[in-house]
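These notes are about the structure you will find just below.
In order of appearance the chains are A, B, C, D, E, F, G and H, and numbering begins at 1 in each one.
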């Protein structure tokens, strides 16, 4: 990642890494330069504010933020920057991410946070959503995204055939 | 709204209008041209697909989509366009928007929808989030947004003083 | 399944196959010809619409649709056909199918979806419900279903005796 | 309703009537003969069983059943008939119909109940779903339903224009 | 169990046996004669009604009923008998017993069901509650129950000491 | 209420009175002597323990306990008596009685509480359940209860006719 | 309030004032000097951090913080001070405070927030809890609190008599 | 623990020990003397009341109370003492601690309980919160806590670097 990062991926705890890796994978796949950082809304509030306030001038265009439990990180970042903040609620408490989802999505009027699904699907979609934003002014990226979408649709046909074969095997 | 719209606001039912008006108010306040349309994922699927597929080439850059109950509209739109789709779950069933929230936010891997809070706060934030996206390549809009944020922060001080006055009156 | 299928089983992802197999098993048991297809509301919207629009003229009478998370597939199918759509919410997210249930059952007025229980019990019941519909004009199938019901009731007696034997062993 | 009824609408309490009226309205609109009865799974179990057991031979083809709270009525009916049972969970307790929904939809393997949305939307859709079933062997009814669907889709356009007019008035 | 049973334990499925065994254990411990039966509200409605209607005249004084998912069994039994029905919601669906709890406890006015906790704790307490009822007119049983309560309270002291020893070992 | 009370109705707050009145109405209707008391698990713990410990020797046979929010009253009473405790969760917080339900029903193994539905239906059923317990050794009360049940079943027929008349009026 | 405040009451929005007034009333009743301020975690993050960081040195000993929806305020305050933070989740969204509760109470390991009940009861208890903390080193305050508790317990007796009188009137 | 304990840790069952050990670890780390006891609100109510009533005069300043399911222990303790009660809801039923959370946090007006997160994070935070209270009048402890906070913030930087290394390894 020697290029100047356009996307910043943040997580509230290093235990969130396996989830947030999904966002990183997507960005790498689309060759969008990014950086990944751990910073807690509660345990390192200064570091978190500083990161949010300085992100735009460092060339970051979109922030992807993952956090679990009373997930305040995305909201706290959004309060300190006007870059789009895309949030991933993480299933890291016994409440299975419902706490993280509500703590993330129910932002009060004035400071938006764009919330994705809980967990890996959400992290992957956060990466894709960042690309959709960046593609608005990057026709090459838009083109690539368009191919990705087409491939995804085409892949369903193969999966459908595979399922029919399993069915034939299972029910004879 | 004589300018070519950059944001499309959609809603699944005309009864969602009072909620989605909040998004429109924000866009008007920031002088971002937009259009507003009713189209149902279920009652008018053809119209909905067509709108989504044609939005980008008509110059739309961001879609804001509000729907209630089994809120499929944002997901269905997102499936047919690569523009960023910002969704507003609407409290229009007895389940108080929990159904709309889960039906909107829990999108499977591959097709992201950026979900805002349930109801009016969410609709207003959807407008603001659209502006944050558009501001990435529009410095004048970014400047305006920055002032808006500063005014909002400054407004808190006045509200705090008003509360102290009410307190003095109430508890003497 | 060389006969023309009367029931179409759809699922949003090939990972839903082990659940939807339960519906297939029932149809096979009752010798109702069916077909099984993977098609996503979001990843392959065109394929999904086409399937729904063409099902009736291909002789399909009932659609059984399984999907998880923000489960839009049944609603999207129902929007494009007037065949009865029987839906199975699938437990494929951390919210344990509550998201899929609400996204499936809370359909707005105008487009009905007949929702079954979450998971395997629901898939099996979707198959049985399809048979109940088809049996309305197929007396032989109705007869067979009636025997099935009687056998199920009779089976309880044997299970009750087995439980009493376990109890005698466990509590002496 | 002098014709022999093809659909039986049941409700667990007379207080459910305003909800279940929506199902009746649809059936009347489509000229499908029906009957409406109050019978409780708990307060009048004998009456309820009898109704379920005799419905088919009286010519009933579909049962529409509404109940609230610990809503057992649809399940109890389904246990005594092999006619399709379409259920409407009713919001009649402080839990806002969540209890009725879960008590209705989570039927165990073997006895299906086709669950609609909570409340009026669900009752209306139960009527429409009954028509979809009956239309499978009634081409005239199928034709009528097809027009209904087309009208519903066409109606969205008018609603969309009305919303645009309200918007012009509200935001000038 | 050669004595005439005073308590009838019912369960909707043989898979509920390991849970309901807890109720049986308690009754055996207190030497209260009981019987255990499988009968489903949905799969064997006739058997279920018959059991409920005949229980009182066979000398049964309390019914303990366990069921999962859309747990109708206790309500259906209560509708056919005026014996006290004590219910145990069972965690046998992906919704972790929340469905069974609401389907059991939210009985409409007129037919009470005495609901215990979900799962094994509830089954054990159902046995204890049956004993509390029977003890109202059986002083020997009341005496025994009183000792049981005293032993339970006394047992806490020993557990407290054991915890202190573990603590000393763990934190040195 | 000059007779020695056989049932004690308790509530945690005087604001619970309109709910608990339903239990009182039933007992009066069946001429079962009872008393009604306010005592809080938290605000008057001594009074509450004392009441529970002395109830049995004062001739009370069943306790009916209503409480809202973190509803500890029934559990706390049950801990101090071996009389059957029948509990009514009350909808007195913004969580609509879900808190009271879970705080009441999820009793740990060893101390049972018989939980009824949330609110008025539950209070009425608590009264009926107390009568079912007392009727076990009071044949006259059992007889009366049996008539009550029969009247309730018979009443459904009249309600059903009334609904049909409303239907004729509404749909002509 | 001319004395140096020992308790700081904060709220995220002036609309939270009627709730937080309950905390103020308690402090005034116990003559504990306090101050009341509006500051948002999201709209005025700088003001919020500053308040939290400077509170201790201004003599504040306990912070009482109320917020609704994605209620981050208490957690954000707690991250910047080591004073005890007592939080009041406020019912200001359609989710009835469940969002505020989970966003407040589910704090990750390292930064505690002491959460009270949702709404007015919680605000009043936050005031009382602050007094319990301050009373640890203020014997006069401890004495006063002890009287308050005794009065509260004694008040139950009067409420109980009032309920009995209402009962006599209502049921004659 | 030869010093007179300043904090009492209670749990409702010895099975709660592994959770409550987290609170003990923190207190030991900060060299705050404490004691640990098992006592049930329901199984040993006398022991529980006695402990609560005598704690203050034995020199205890803060109570930390863990309980699961219908978690009444913290509320019952709080009713009998005016020491601050800090509660830890424990995930020991199938409802994953949601029951314990609501049964703990929704205390009625008058008797506050300071609720922490469900499970280990909550237990650890309960220990930290006790220290925050004790530090109000213990400058050495306050100093130590301040270092702990600083170390925690500094630790994030190292975790962030570790995550970046894992990322380089995983995505090359």
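Observations on the structure shown:
The definition used in the following text is that contacts are C-beta pairs under 8 Å (C-beta built on N, C-alpha and C of every residue); 3 or more make two chains touch, one makes a residue touch a chain.
Because the structure is a prediction, the values reported are computed rather than measured.
The chains touching chain E as well as chain G are F, H.
When the contact pairs of B-C are set against those of A-H, F-G or F-H, over half line up by residue number only for F-H. By count of C-beta pairs in contact, A-B exceeds the other of the chain pairs C-E and A-B. Here chain F and chain G face each other with different sets of residues for the most part; under half of the interface numbers are shared between them. Rounded to whole angstrom units, the spacing between the C-alpha centres of chain B and chain D is 34. Distance from the chain A centre to the chain E centre is 48 Å, each centre being the mean of its Cα atoms. Mean C-alpha position of chain C lies 41 Å from that of chain F.
Centroids built from CA atoms put chain F at 19 Å from chain E. Of all residues in chain A, those that touch two or more other chains are 13, 40, 43, 45, 69-70, 93, 95-96, 98, 105-108, 110-111, 117-118, 121, 152. Those chain pairs judged to touch are A-B, A-C, A-G, A-H, B-C, B-D, B-G, C-D, C-E, D-E, D-F, E-F, E-H, F-G, F-H, G-H. By the touch rule above, chain D contacts chain B in their complex via residues 91, 96-98, 117-119, 121, 152-153, 155-157, 159-160, 162-164, 166-167, 170-171. Contact residues on chain B toward chain C in their complex (touch as defined above): 12-13, 40-43, 45, 49, 68-72, 75-76, 78-80, 93, 95, 98-99, 102-108, 110-111, 113. The touching residues of chain F, counted against chain E in their complex, run 61, 82-84, 86, 101, 105-118, 120-121, 124-126, 128-129, 132-133, 135-137, 142, 145-146, 149, 152. Interface residues of chain D facing chain F in the complex, by the touch rule stated above, are 11, 13-14, 17, 21, 24-25, 28, 36-40, 43-47, 69-70, 93-96.
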